[in-house]
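Got a structure here, written out as structure tokens. Questions coming.
Per-chain residue numbering starts at 1, and chain names A, B and C are given in the order in which the chains are listed.
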Amino acid sequence: MANDLSVGNLIRSFGDFTAVDNVSFDVPQGSFFSILGPSGCGKTTLLRMIAGFDEPSSGTITIRDQDMRGVPPNKRPVNLVFQHLALFPMMNVADNIAFGLKRRGMKSTEIVRRIEAILERVDLPGYGKKQIRQLSGGQKQRVAIARCLVMEPSVLLLDEPLGALDLKLREQMKVELKKLQAKVGTTFIYITHDQSEALVMSDHIAVMNEGRFEQVGSPRELYSEPQTPFVARFVGDNNVWSGEVVESGERLTVRTGEELLFTTRSHKSYAKGSRVDLFLRPEALRIEPTDTNDLNTFEVDVKTILFDGANSRLLTVMPGGHELLVSLPQNRQFDHIRPGDRILLGWHPDAGLCFKV
Amino acid sequence: MKSGFRLSFWLFLAPVLLWLFLLIVLPHIDLLLLSFRGENDMGDLVWTIDNYKNFFIEPIYWYTFVRTALYAIVTTLCTFVLALPVSFYIVKLARPRTRGFLTVLLLLPFWVSELVRVYGWMILLRESGVLNYFLLKTGLVQQPVEMLYNDVTMIMGLVYTSMLFMVVPLISAMESLDDSLIEAASDLEASRFTILRTIIIPHCKPGITSGAIVVFMLALGNYLTPNLMGGKNSLWFTEQIYNQFIASFNWNQGAAFGFLLLVLSSCIIWVGLKLSRHRLGEVAA
Amino acid sequence: MKKITLLTAACCFFMATAVQAETLKILTWKGYAPQVLIEKFEKDTGIKVEATYSNNEEMIAKLRATRGAGFDLAQPSQDRISSVQEKYKIYQPVDYGKIDAKLFIPSMLDAVKANTKVGGNSYAVPFCWGTSGLIVNSDKAAEADDWNALLDPQYKGRISYRLKRPTLIAMGYALGYDPFALYSDAKGYKEMLDKVAEEMIRTKPLVKNYWANGDALLESMRSGEVFVAMAWDNGGWKLHDENKAIDFKAPEKGALGWIDTFAIPAKAKNVDAAYKWINFMMAPENAAYFTSQEKVPTASLGANAHVSAEVRANFDRSFPKETIDNIKWYPPVPAKLEIMEGKILDKIKAAK
């Protein structure tokens, strides 16, 4: 499959500060590609370079095999949905969407037809005559996307377009965006600092930190096989112990601060005595396991129950005061657990992952 | 409850009305009465509308008015065309330090009186002036050129005097323009000119309107610049009013001209507003 | 309590002294109240002098707006008094008993009395006099010696004059009329004005500009931008001091002679001070100082002896006996003429 976008060794510095630091990646045609990272890590800067509003200090950007160096934004086959949408307040919905088509000198009958079609697509049929200020947040959102999609870009860039929406709407739009992308088949490059957004929607995710890409992969890979401690911390929830390697080999044995010995795995083998962080997903912890063979086990006190429907958890404390999140299975088998109860936890050595600090 | 609201409403309104009446209406009443008085053939003062009739009967009067109004419109347009890039540069492109400096630079001419400003231009442009000196020195011209006393120079002088009054409202209008709108337009394949036409100008419309009204009125009401820089061909309507009052001792005629200027210029602004709303509406469509 | 009374007393005292310091408000032409003489007068009399500079038209307009209040003394030209007084009553009769008649050239005092007579009273005494004529740069325009020079195509672009009523009169002479004789004949005067307007519009391309400010005109003559101008004699003499090629020339048809006067506005507050100022200014040494400064002769009888030699030389050079005899003195302007002239002036200015 061909790549719609290729970025090679891209660097952007502002004076001494490097906002985007030697980033390379490829986005296959028709995929939903997310760039996930904390605020200020350089996501917008990267996107603006792709859209042509900013010049890279060095590196290449290739869109559909065309080098984009020196190509102004209005000549690039990409469109950008802005962080704050940037709809034109002096025009109504139809005029906003028609704006780009008119610049191409399209016939007005054709423009009208396309506006209707695209409004249909984003589920806003008949909204053409509305003024921008009359729209709700989610509707504005969809108009902004429609305005770009109608241009039939090779790549659609979206800069945290859900950032301004309330939680409920955000959940809803996540799904809708994914569906929309599947429907139109345009390549989406989606920026977000919300890992759940990225996990839900994307085919591929790049995790970005301090200007660098930490890891690129499918949501599942990122979740189950984080390659760096940053990714392990940032993507999904994780329990963390810091400890020391007491036995190295195919499996590692780690002694935690509480003097517990855990057997676990790591991507690389670390020498005896190295300081490591041990990451463990809440759902990897089994409550009162019947068969404790091969499992690491220990006892904890239940502090509170974090009820969240299907996503409910226990907040527990180890004797030393270390807090752990434990997922509750959905079969209501542990409804009897109350705060203050002492329970046994166990986990399989393959579920944990160690990184040297 | 309701009457209480009405009372406080009137209480607040009263000073405003009083102020309007004392400072704006009252001084004009005398003038208005004056404009309807005139001497009959016997030399007695009587009520008459002759002063207004004269304006329409005597070609030079309305000719002068039309000319003045047209030139004021041209001045407004020129000022707008010049002020737009200047304010855009100040707001969007200049760095904060340069910005302050540029604003001060724009204000600078207004620290001296208009008379001094006009004489400054005259020293620069006259036949034995600074500019001609350099043109002769560099051999660009063989004979000194008279750059004063023509309409182009006069308009330039008026534009110079009016610049600030257009730039300031434009700056404040442009400050509220989100950069991302410009970028979004550019992203949607708009050229610079299209961005100017479809995004910047419609956004700045309130600023443009207020700036244009101020500049138009200032140009129309100017006396010194057209008189001194325009020279022998430029009878400005205000000069005609002055002449009626001062040279001809015909205060009644002068007062009538004054009111005609007020009414006609208000009409022009009204028409201008109607036209521009229509046109700007089309642009946005 | 005591403090407050003291304070009030002090305030009253200051206010009283402030009121006591008399002021004399003069509405006059630039240069007619030289600073040196103001200081001398203030020292002699203790009266503070405030001078406002203006010209004939604005003087009349100002006094008309206040119906003769706001000033204690005005200095209009003698020909612009009687008709204005008749219509707007902005002056009060001069009490000639308070004027020191010995200080005046008798013929001039009599002429002004006669020319400003309205209903049995006279309204002005003469102060100074001069003429309008040509200022010529003889290096560039040696032949210019009459009003026609202002219409001469060979000085294209080098001619300058004011767009005011004296120019209309001068042009009338240039075209062979006798404007002052036509003053009493409104129809004939109108005909002359129409002809003058036609001619002035036709020759508009010859004119560099219509000057409005005396200093600006002198600068244009000095820099060689203008060769021939209609202006006052003293301006020409000022330039002659710097450049011998430039000088005032009385036109062959006769320079236009004016007399500026002292007149007392109807609602003057400090009439006594006004008379004091008149007598002070006409004292020979003071009048002579003014003449030496401004190169404008006065109606003061003994002043000539005190005037500096160069200033007298100017006068002798420009005004031999027959030229003086040929001066056309402005007679009083009849009412209505000004409206007619105003229209014509607008028409000339508006024409392309």
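Heads up, the rule we're going with is that a residue touches a chain if its C-beta (ideal position, glycine included) is under 8 Å from a C-beta of that chain, and two chains touch if they have at least 3 such contacts.
Since we're looking at a predicted model, the values are computed, not measured.
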Chain contact graph, described as a line, ring, star, complete graph or other shape: line
Chain occupying the middle, per Cα centroid: B
Label of the chain whose CA centroid is most distant from the centroid of chain B: A
Intercentroid distance (Cα basis), chain C paired with chain B, Å: 36
Between chain A and chain C, centroid-to-centroid distance (C-alpha), Å: 90
Euclidean distance of C-alpha centroids - chain A vs chain B, Å: 57
Chain B partner contacts - residues on chain C that touch it in the complex: 57-58, 60-61, 64, 84, 87, 157, 163-165, 204, 207-210, 212, 216, 220, 223-225, 335, 338-339, 341-343, 345-347, 349-352
Residue numbers on chain A that touch chain B, as the complex places them: 51, 53, 72-75, 79-80, 82-84, 86-91, 95, 99-100, 103-104, 147-148, 151
Contacting residues of chain B [partner chain C, same complex]: 43, 58, 60-61, 63-64, 67, 122, 126-128, 146, 148-149, 227-228, 231-235, 239-240, 243-251
Chain A-touching residues of chain B, taken from the complex the two chains share: 178, 180-181, 183-191, 194, 198-199, 202-203, 284-285
